[in-house]
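Right after this note come the structures.
Below, chain A partners chain B and then partners chain C, in two separate complexes.
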Partner chain A sequence: MAVEQPTPAPVPVQGDQTRIHNIGYRSYDGPRLGRAYATRSLYSQSLRGAYGLGRSAKSKVLPMLLFVVMCVPAAIMIAVTVATKLKDLPVDYTRYAIFLQAVISLYIASQAPQAVSRDLRFKTVPLYFSRPIETADYVRAKYAALASALFVLTATPLLVLYVGALLAKLDFADQTTAFAQGLVSVTLLSLLFAGIGLVIASMTPRRGFGIAAVIAVMTISYGAVSTLQAIAYTQDATGSVPWIGLFSPVTLIDGLQTAFLGASSSFPGGVGPGHGEGAVYVLVVLGLIAACYGLLMRRYRKVGL
Partner chain B sequence: MARVTTVDDVTVIATESLSKRFPRVTALDRLSVAVGPGVTGLVGANGAGKSTLIKILLGLSPASEGRAEVLGLDVATKGPAIRERVGYMPEHDCLPPDVSATEFVVHMARMSGLPPTAARERTADTLRHVGLYEERYRPIGGYSTGMKQRVKLAQALVHDPQLVFLDEPTNGLDPVGRDEMLGLIRRIHTDFGISVLVTSHLLGELERTCDHVIVVDGGKLLRSSSTTDFTQITTTLAIEVTDTDDHPDGTRAVRDALHARGVDTHDNSGLPGAGHILLLTAPGEETYDLVRDVVAELGLGLVRMEQRRHHIAEVFRDSDEQRKEAVGHGG
Partner chain C sequence: MYDPTVARLTYRALLGRRRALILGALPLLLIVLSAVVRAIAGADDQTAADLLGGLALATMVPIIGVIAGTGAIGPEIDDGSVVYLLSKPLKRSTIIFTKLIVAIGVTMVFSALPTLLAGLVLNGNGQQIAVAYTVAALVSSIAYAALFLLLGTVSRHAVVFGLVYALVWEALFGSLVPGARTLSVQQWSLAVAQKVAGGDLVTSDVGLTTATVLLVAVTVLATWFAGHKLRSLTLAGEE
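Right after this comes the complex of A and B.
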């Protein structure tokens, strides 16, 4: 390695060869707000980022467009309800997200990779971990941010429906209960989808792969499960329909809310899980959320510096 | 400028028999060093264990054995407290290309716990101090390597740490950029009052910048001493003068005059041009003046006076020899 040759060097000129920046250095004596504050800052930066805020104009287009696409049907339904004086909303609160599941999948596929792949790809992660925040803080901030972004995406149209329903003078108690059930459902959906999206996206620093993989997992699993359920239903194996539903994120939420949140099932023939099977749905949903969190922790412990 | 380490000095970093073993390699092998305030260079070839040491000192990677303290805090238990007080500039790229330097450094300042307003103010100050002006509003993707290195440095300094770890900050820079970066590093201590641990695989560049240099090889401590000691064994001054009618052998005249003033010289006989080039060892600042005066007094022309830096490998050999000589004197 060593080429033993004396290196001629100029007579050293002591002092600065740097441009002298004529401003004195000021030290910082103000507050240092520590881990919790840093985690909150990362959360809000990531949440804003999930809608392209604080990023380039180009990165705002898709999330904003999908947000509008999510809200427009709700607005139309309200207009119809008010105009035609319907006695009930044309769609259940709990059914709305299932109805627009493709839009939600597209959103998570585009935003989960942007939330985590960039830090991996440009090796920014070590800069976070050289600061007071720990692996768990980073994972929690990112997970919470994406889940919140999904909640905004899925709960806003429900809010539009609810406000519209009250304006149309539909029954207050009925509407409030149904709206609350819808919110519980989209909360679980947000946590589940965000977890799955982040786990997949954090596997690869390549954003394109991340997007494709999330879309594949979300839509292929839903397509496959729906197809199998339809086959089972036509083959008179109705009893297996709820069990098949355990194998895709969308049908998991569908089954859970059918069993416990007063939703009508979108499974073939409306054969949703009963309370017994529903308990399994709850366990699987909560287990998956916990597993996603655990996998993310493991992933980032390995990234280290 | 040279800081002599004494027992009274505050210790900024201390390691005690620190080892790090990976399944296949021993990255650090019973390393014991003490680092005081000022600029300290950590020199070693690729794979010597420099980055591994920094990761342990940040409390991010547990040592296999031994212990270490940074600013008096144990790395094994006080990682978060250490990371609040130190800054870190990684050796690799770490900047997202699609945000501006300002946006990025503000975010990193907040990650260090600075409130929003303070984060913005400190970012503006720090970017100016590292020499980024108008370009700081443009996306980082369009920056030159030198500018990117400055942004990396800025994010390590933005929270006004007590100590910064700079992992190969001159990597990829051209000679001018290198000198500017080294000047900046010097100022981090002299003007900002922040202690620095800077790594490099070139001893030469750190010699000029650091108060103290630690040389590691294969995870082992090879040498730890103040740079004045280093200069003594590593620099040689080469002088070449013209001949005149009064002094037909200018070289000899200078040699005699220097001898008369108690400065030893040796010529590099055997090399081409031998006899015309005079070599002095152990030159301090005053030696330059002395040579200049002597040459002027004799009425000779100074063709060249240059410092010959030895390659790091030679230092290893020299220090080995010194160690052999020192046998019996202990430590």
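Right after this comes the complex of A and C.
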């Protein structure tokens, strides 16, 4: 709507001549979906992203492959149980995740940086915080999404085992109790692993470096603890075996479920913690989960500002 | 064949800022663990061989190799800054060779040196165990660095594939399927270590000749192919 001026004015334009024209933009006055909705969206997007849904075909390969690798042994065990008419499953529900801990570690290592590192690297975190969500919502959504993804990964093979066991006409009450114990165990495992993975991944914007760091923490601590336990066991220092187990995520879950969830331990010689030591295990696991949450909140308090 | 500037840049990318600290944490843990084991169990050759073989050679060397090998080129390709390097009047093979040398050096310093120290702490090089595993770590450093450098040029998910190879193939399949051990850098380097140690504490499933031939072949082929990949590199956008 600029007025055509045949000749430029010799004097500079005065302040009172400048104005903002109303060109008809209208403000939005419909319903706003708010904080909870944004958090839920972030949660579902992150959960789908953890399995590559809604992302490129290439990024579906690894999570889906690991998911299949988790489930195939369960299917084979069921086939064996049905074919040979075993009286019991060849592996306990609680032991299953411990056997396949390498696969779970790889999954968390590949997906935790996917969930948070890319947001840091492409500086999308400030965009999230320009929505109604706050730091706590972001952290909770990401944490819940990754824990849910891990739960899906670890609980699905248990479900396969359970359904198979019922089809094989194993004892219903026994199987249900064991299945429930297995579910409690993998819930704790999911929360613990997701927390550790996210804390490490949120420290670096580099995806590759995050993956290596997570896997290093998971496998090196497990390797170191197992080695120390084996040495302590052969040196007849059996009493110290459960205490050493406190220092790696996998053995923490192993010890906890041995003490309280009726599992048989993978520790050398099967020397799991008793109820007294088990209480320490529970405290450490819950403490670690809380610490991871706290660290994440601290990490994101200033991000993107 | 070797360009000092590229070497300096690669070295800084690998060890700059806090990365050296994180890389150094693993070897430090190994040495601390060795000291603890020595305190609990005393000097015992079998324990030393178990710890060095199980933790140092099977877990630590591959992980350091993955970090150094893929880290030498992966991030540059990932964020596209590799074009500035490629547009310089340098042969692509020179770039790969230089990066390989740096990756090998870093892997050796952060894995073979701690292995030697840990071995000395554990049993004072009894039965040549410390030296044998150090030689194995040195040899496997070269092969791992070349292999993972190649992965870094081939795939955007190099770290994951490298770890899948190192942890799933070598550790899991290697312990379940005997045939998988023939195709494992770890076993090849153990064959060399077996020759050094001479005793029966260090054993390998592969003969020394086969191992040497395979080690050299893998290193040379991986380096050549990495150079070839770099020559025809297309920069893809972020998925």
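Operating definition for what follows: the second predicted complex is superposed on the first by the 274 of 305 C-alpha atoms of A that agree within 3 Å, B and C clash if a C-alpha of one lies under 4 Å from a C-alpha of the other, contacts with A are read in each partner's own complex, and residues count from 1 in each chain.
Rule of thumb we're sticking to: a contact is a pair of C-beta atoms (placed from the backbone, for glycine too) under 8 Å apart; a residue touches a chain by one contact, two chains touch by 3 or more.
These figures come from a predicted structure and were not determined experimentally.
Student: Between chain B (first) and chain C (second), which, if any, makes contact with A:85: first, second, both or neither?
Tutor: In the superposed model, A:85 contacts neither chain B nor chain C.
Student: Which partner does A:56 contact after superposing on A: first (chain B), second (chain C), both, neither?
Tutor: It touches chain B and chain C both.
Student: By residue count, which of the two partners contacts chain A more extensively, chain B or chain C?
Tutor: Looking at chain B versus chain C, the one contacting more residues of chain A is B.
Student: Now for A:126: first (chain B), second (chain C), both, or neither, which partner does it touch?
Tutor: It touches chain B, and chain C stays clear.
Student: Who does A:42 touch here: chain B (first), chain C (second), both, or neither?
Tutor: In the superposition, A:42 touches chain B alone.
Student: Going by the contact rule set out at the top, does A:208 touch chain B (first), chain C (second), both, or neither?
Tutor: Touch status of A:208: second partner only.
Student: Quick one: classify A:275 as touching chain B (first), chain C (second), both or neither.
Tutor: Neither chain B nor chain C is touched by A:275.
Student: Check the residue A:302 against both partner chains and state whether it touches chain B (first), chain C (second), both, or neither.
Tutor: neither
Student: Classify the contacts of A:235 with the two partner chains as first (chain B alone), second (chain C alone), both, or neither.
Tutor: A:235 sits against chain C, while chain B stays out of touch.
Student: Of the residues on chain A, which ones does chain B touch that chain C also touches?
Tutor: 55-56, 122.
Student: Can you name the residues of chain C that touch chain A in the complex?
Tutor: For chain C paired with chain A, touching residues are 19, 22, 26, 29, 33, 36-37, 40-41, 47, 50-51, 54-55, 58-60, 63, 66-67, 70-71, 74-75, 78, 156-160, 163-164, 167-168, 171-172, 238-239.
Student: Show me the residue ranges of chain A that touch chain C in the complex, using the header's touch definition.
Tutor: So the residues of chain A touching chain C come out as 55-56, 58-59, 62, 102-103, 106, 109-110, 122, 206-209, 211-213, 215-216, 219-220, 223-224, 227-228, 230-232, 234-235, 237.
Student: Looking at the complex, which residues from chain A come into contact with chain B?
Tutor: Residues in contact with chain B: 1-12, 14, 16-19, 21, 23-28, 30-35, 37-38, 41-42, 45, 54-56, 118-119, 122-124, 126-134, 304-305.
Student: So in the complex, which bits of chain B are touching chain A?
Tutor: Spelled out, the residues of chain B in touch with chain A are 1, 45, 55, 58, 60-61, 80-81, 83-84, 87-88, 90, 92-99, 103, 107-108, 110-115, 118, 122, 125, 128-129, 131, 155, 159-160, 179-180, 182-184, 186-187, 191-193, 204, 208, 236, 238, 285, 288, 305-314.
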